[in-house]
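Below are two complexes that have chain A in common, paired first with chain B and then with chain C.
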Partner chain A sequence: MIIAARRLTKEFEIKANSAFGKPLRLRAVDSVDIQVEEGQIVGVVGESGSGKSTLGRTLLGLLNPSAGTVFFDIPDDVLKEYDGFLRDGDAKGAASIEMEYSIFKKKGEKLKKIRSGMNMVFQDPYSSLDPRMNVLSIITEPLLAMNYMKPDKAFDRCMELLEEVGLPSDFAYRYPHELSGGQKQRVALARGMATLPKFLVLDEPTSALDVSVQAQILSLLRKIREKYHIGMVIITHNIAVISYMADQVNVMYAGKIVESGPKEDVILNPVHPYTIALISAVPGKMVKPNRIILKGDTPNLINPPQGCVFHPRCPMAFGICGWTADEIATDLKYLVNDKFAGSFNDKVVVSTGTGGNLVINNTSAGDEMTLERIINDEKGNMKSLTAIEGLERHGTNIELKIKGYQVPKMYNHDGRKVSCLLYAGDDIKA
Partner chain B sequence: MEYTLNVSNLKEQFYTRRGIYKALNGVDILLRKGEILGIAGESGCGKTTLGLTIIGLLPRNAVVTDGEILLDGKDLIATLREFASKEANNLNLRHSENMMKKLNKQLINVRGSRISMVFQDPMTSLNPVLRIGYQIAETLMVHQPEVLAKRRLARSKVNDSDLREALKLLENGADEQSIKAFAETRQLEGIEEQLLNIWRRNDLGIARKEKMILSLRSERLGGFDMAVLERVVNQGGIGGWMRIPGLNRMSKAVLIKEGNAKAVELLSSLEIPNPEEVVKMYPHELSGGMRQRIIIAIALANNPELVIMDEPTSALDVTVQAQILDLLKHLKQRFNTSFILISHDLSVLAEVCDRIGIMYAGRIVEVATVDAIFNKPLHPYTTMLISAVPTIKGGEIQGIGGAVPDMRFPPSGCMFHPRCPYVMDKCRENNPQMKDLEDEHLVACYLYEGQKGEQN
Partner chain C sequence: MNQERAKRWDNTKLSIRVFLANRTALVGLIIVLIYVADALIMQFDPGLLGITQVNTLVPNFTNPVPLPPSWAHPFGTTFPGVDLYTSILKAIRIDLFYSILVVAVGSVAGAVIGVISATVGGLLDETVMRITDIFFSIPYLILALAIGFILGRSLMYMSLALALVWWPLYARYTRSQTLSTKEFTYVEAARASGVSRTRIMFRHILPNALPPVFIQISLDLGSIMVIFSTLAFIGFIANAKVPELGYLTSLGLNYVQTAPWAVIFPGVAITVFALAVNLLGDGLRDVIDPRRRS
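Now for the complex of A and B:
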């Protein structure tokens, strides 16, 4: 494996609301496992704020992770051994492998050497090229900074690279403002390839470009991959681009990888509800019989939903996905005080107690029957109601029991890994 | 056939220190009532300039050298043409500024009420220091004060038995016409819209709606408020003593308050949850998709004939984009409004549009229905543009060689000829005319010259 990340987590500290408060923590990447083989293109797709760019930066060691490691150029059997140590909780064994292969344990010259083996191409070619340097110095800068080659050789290398990315050699003396968006992205790509890296992270490489230019850049990337066997991670929000480029696809949502597997499986036959919704949301001409339009927006990562992070928007959620009393109360309020207000008396109030329990106050006799019927009828539309386990009457109050929840792990299903309790099989606790 | 908008031979140039950019080179658009027309093209092809020219929002260095923009038969840019004929060769920016001021005055009753525009970035199009409700109410107050006044007066006049009767009508499935007739016979004009808007809400149960309709009857109006509203209804707007500073502010406040109530109804019709809460919020409290909905609500507030949407979903995520596109499809059925949807993303246009126009270098080179554009593209540029877009299904993609021309020195003849694989000698010299080939499939290309069809 060129790159392998294990349980990679990155948290950012955010200023507290008050001067004395604890700083808030935003978990942008949450125990992500990802690996890239030589010459493989791995796609990471997700909405904005899903942590895909943070993941890319952490993979390169541009950010220090809060937990977990990234290995560079690790033999497959060593990685397997490491996975074994993680599974058995053998911290000592794991640490010894980390010592040798983790990019975060390397320092000085060794780190420099690794750095020349990996590189990044940024989204916006307009701001990632220094306006005061000409193309020649932009491309040769990494070569000289890494002591990769002597200046006289670097010039020849620059010419080679320009030809490789399809630019005429007289572009070497132009400045970024003289280039169009597509040409700038070509220069950025040439810079990324200068030291012949084994691994390249491309963060939204074409989203600032026109479709006609995007097509050129994408086919150029494919050509480069074929010729140099570079392992690539392509980060994008555009599913069509991923589908065109990638061998493996990882779908990210709220910092977690929710589905990961070969492109043919994940894109053409998704199983995670979020992937299904994401792919059906892609606009276009083709007929989409069972299109899912998600409600709401991506969650706030400072205070993410409990259980499965996707459950509040999930069209297939069920009882143990992590419903809280507050979420159920909102839906119950609508049912009791609004939709079926005629079936209850006017004073009925839905309230959540301090212990996370759910109580309906001021009910009259027979209300629990009505309530039970309504809950059963509405379960199909309001997924939160599936988490109600039973009703219990205390005087005029009805207390609702809420099911416990489970956090989904990565389950193997149909040739891919998916993080959804629908596919947990035997792993669901009774 | 009746057209909402008729743009013909629109030509526009920008005078800059580096030369004259020929941004639009003869654009023709015919837009029917209730139709969504998509405009697609690469960046720099003039799609945004076209949108801004239709609504008359131009910088002072822009000169419209030729062409007409007819909105329901009325020319919007006569002033601009006249100015251009006088100053085309020697543009004086101060004169241009004065002319733009004149144009702004002419268009004040058109912008926001008959034509409105939705911009790309929802983060910057709303005013951060005003509440959502106020921003929607403001456009209502400026363009339709009498409608707001009628609504409020009707609520003060209506009594319980009227409301109960209206409720019965609604429960029996009365349509818009009969509710309107009912309001007219009771002299309660303005109440019908409120009744219907509450009744149409999907986010509330029947019991809640009934309660809301019965509580429409409001407390009596104060003397000042009454005077303001009656004067607005009689004079058709704010005027007379209402212009006195102080009083002006107070009378506007009366209308804004009613505007807030209408804003709630508008937002609920755009499927925004908890509209009562949302109108009290500031823009930063809302997500991007929500903000874009608010902007669409402002654009639709006065039931305009034309809404221009410039990349309405480019700043949004795919799942939110799907929500907005879905909303647009509903709106098209609900409001009798024509839309121009400008986007670089052909697949977005394919989703919602009736017809698509492909723009290249300041000209529309092909117009056809969505099916025809995707299944039977004629212009070489359209074909290449479609084959450059990657799809989920996979398949090879093909970039378009070369780049968009520098519009200071546009190529001779057909502007696409330097990049065109089928280029002929004729293309280098002459610019092909738009030709209607069949079923309103218009294309400007010499490849189709021999085929029958009429010159347009």
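Now for the complex of A and C:
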């Protein structure tokens, strides 16, 4: 593996609202495992704010992870050994492998050597090129900064690279503002591959470009991959880009990888509800009868939903996905006080207790029967109701029991890994 | 490499062309050059313009009341019988020198403090910014007067007082420029390319953060001269014989109804310079901004 990340987590500290409050922690990337083989293109797809870009930057060591590690150029059997250590909780064995291969343990000349083996192409070529440097200085910068070659040779290398990315050699003395968006991105690409890295992170390489130029850049990237066998991580929100470029696809949601596998499987036959929703949102000629349109926003990462992070928006969620009393109460209030208000007296109130229990106050006799019927009828629409285990009457109050929840792990299913309790199989007996 | 040199020359030519395209900036440049030329002549060969005592005003107590402009006194005279034309020529040297001194000391100190504050960050940054807040919370003229009063009545101390009042402005501006430049993707791209921190600072951040500060400095030269002469105008001056534009204006103040020229000519000398510097700064902005060049 040219790059392998294990349990990679990145948290950002956010200033508290009040001057004396505790700083809040935002978990942008949450124990992500990802690996890239030599010459492989791995796609990371997800909506805005899902942590894709943070993942890309952490893979390169531009950000320091809060937990977990990234290995560079690690032999497959060593990685397997490391996974074994992680599974068995052997901290000592894991640490010894980290010492050897983790990019965060390298310093000085060794770090420089690794640095020259990887680079990044950014989303916006308008701001990723220094406006005060000409193309020659931009492209030769990594060569000189990492002592990759002598300055007099760097000029020839720059000319070579310009030809490689399809720009005329007199562009060397132009400044970024004299170039078009596509030309700029070609320059950024030339800079990225100047030191012939083994690994490149492409962060939305085409989303700032015209559609006609996008195709040129993508086919250029493919050509470069064929020629130099560079392992790439391509970060995008564009399914079309992924399906054109990638060998492997990782779908990210709220900092977690929810589905990961070969492109053919994940794109053509998605199994995770989020992936299904994502793919079905791609506009196409065919009318999709079973298109899933997600409701609501991406979760707040400072205080993510318990259980499966996707459950509040999930169309296939069920009892043990992590429903809280508050989430159920919101739906119940709507049912009791609005939709079926006629079936109950006026004073009925849904309230959540401090202990996370859910109580309906001021009910009349026989309400539990009505309630049970309504819950059973509405379960299909309001997934939160599936978490209600039973009702119990205490005087005029009806207490609702909520099922326990589980956090999904990565399960093997149909040739890919998926993080959804639907595919947990025998693991869930709760 | 020859090609690069040619390109650089092309660049200079382009800069000049961009600047010349801005007519008002050209006018500003010419006026500023005239002031500078006058100051240099006064410094090295005042006899060229028939002036002998460069550092003092020459009063004529036999006829102290201001006289209107005439062949003998092209700008007239002011109280007490001081020839305005020669006095203004002398005063420009003093005003220009001390204004440049104030801007140079204030901007260099401020810019260095600002860059360090932005780079180090944390507690130091917070402390420096609170100190600048204190400076901003006091009206600058009053603060300059207070500092000058403590230091003593001389032109040198007066400009030092102004520099002390002025550095927080540059510190703030440089800091904000540095902070915003730091966030540009090209800085991160440089990090991804393995460029060291110091190299990023000197190759990427400073070259992009400082030019706007230079513009600010060039623009401020005019306003500093105005403030310098304001201080002199309200009497903050070493002795009654210093040729200084603000002081010259104040001399004619009592005669403003009968002899307006005694106030108008020194005042115009100040205003024209401030205006010219502003026009020049505008032109420089065009030259420095790569986007205005294409």
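We take it that the second predicted complex is superposed on the first by the 429 of 430 C-alpha atoms of A that agree within 3 Å, B and C clash if a C-alpha of one lies under 4 Å from a C-alpha of the other, contacts with A are read in each partner's own complex, and residues count from 1 in each chain.
In this section, contacts are C-beta pairs under 8 Å (C-beta built on N, C-alpha and C of every residue); 3 or more make two chains touch, one makes a residue touch a chain.
This one's a predicted model, so the numbers in the text were calculated from it and none came from an experiment.
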Aligned on chain A, chain B and chain C: do they clash or fit? fit
Given Cα centres, how many degrees, to the nearest 10, is the angle at chain A formed with chain B and chain C? 70
Quick one: name whichever of chain B and chain C touches more residues of chain A. B
Based on the superposed arrangement, let me know which partner A:283 touches: chain B (first), chain C (second), both, or neither? first
What is the contact status of A:236 with respect to chain B (first) and chain C (second): first, second, both, or neither? neither
For A:294, is the partner it touches chain B (first), chain C (second), both, or none of the two (neither)? first
Of the two partner chains, chain B (first) and chain C (second), which one does A:58 touch, if any: first, second, both, or neither? neither
Please indicate which partner A:178 is in contact with in the superposed arrangement: first for chain B, second for chain C, both, or neither. second
Going by the contact rule set out at the top, does A:140 touch chain B (first), chain C (second), both, or neither? neither
Partner chain in contact with A:69 - chain B first, chain C second, else both or neither: neither
First (chain B), second (chain C), both or neither touched by A:216: first
Please provide the least distance in Å between a C-alpha atom of chain B and a C-alpha atom of chain C in the combined superposition. 9
Chain A residues contacting chain B in one complex and chain C in the other none
Chain A contacts chain C in the complex at 57, 60, 62, 112, 115-116, 119-120, 122-124, 127-134, 136, 141-142, 145-146, 173, 175, 177-178, 188, 191, 194
List the residues on chain C that touch chain A in their complex, please. 3-4, 7, 184-186, 188-196, 199, 203-204, 207-208, 290-291, 293-294
In the complex of these two chains, what residues of chain A are touching chain B? 47-48, 180, 182, 210-219, 237-241, 243-244, 267-268, 277-286, 291, 293-295, 297-298, 334, 337-342
Chain A partner, complex, touching residues on chain B are 42-43, 204-208, 287-290, 317-323, 325-326, 344-348, 350-351, 370, 374, 384-385, 388-394, 397-401, 403-404
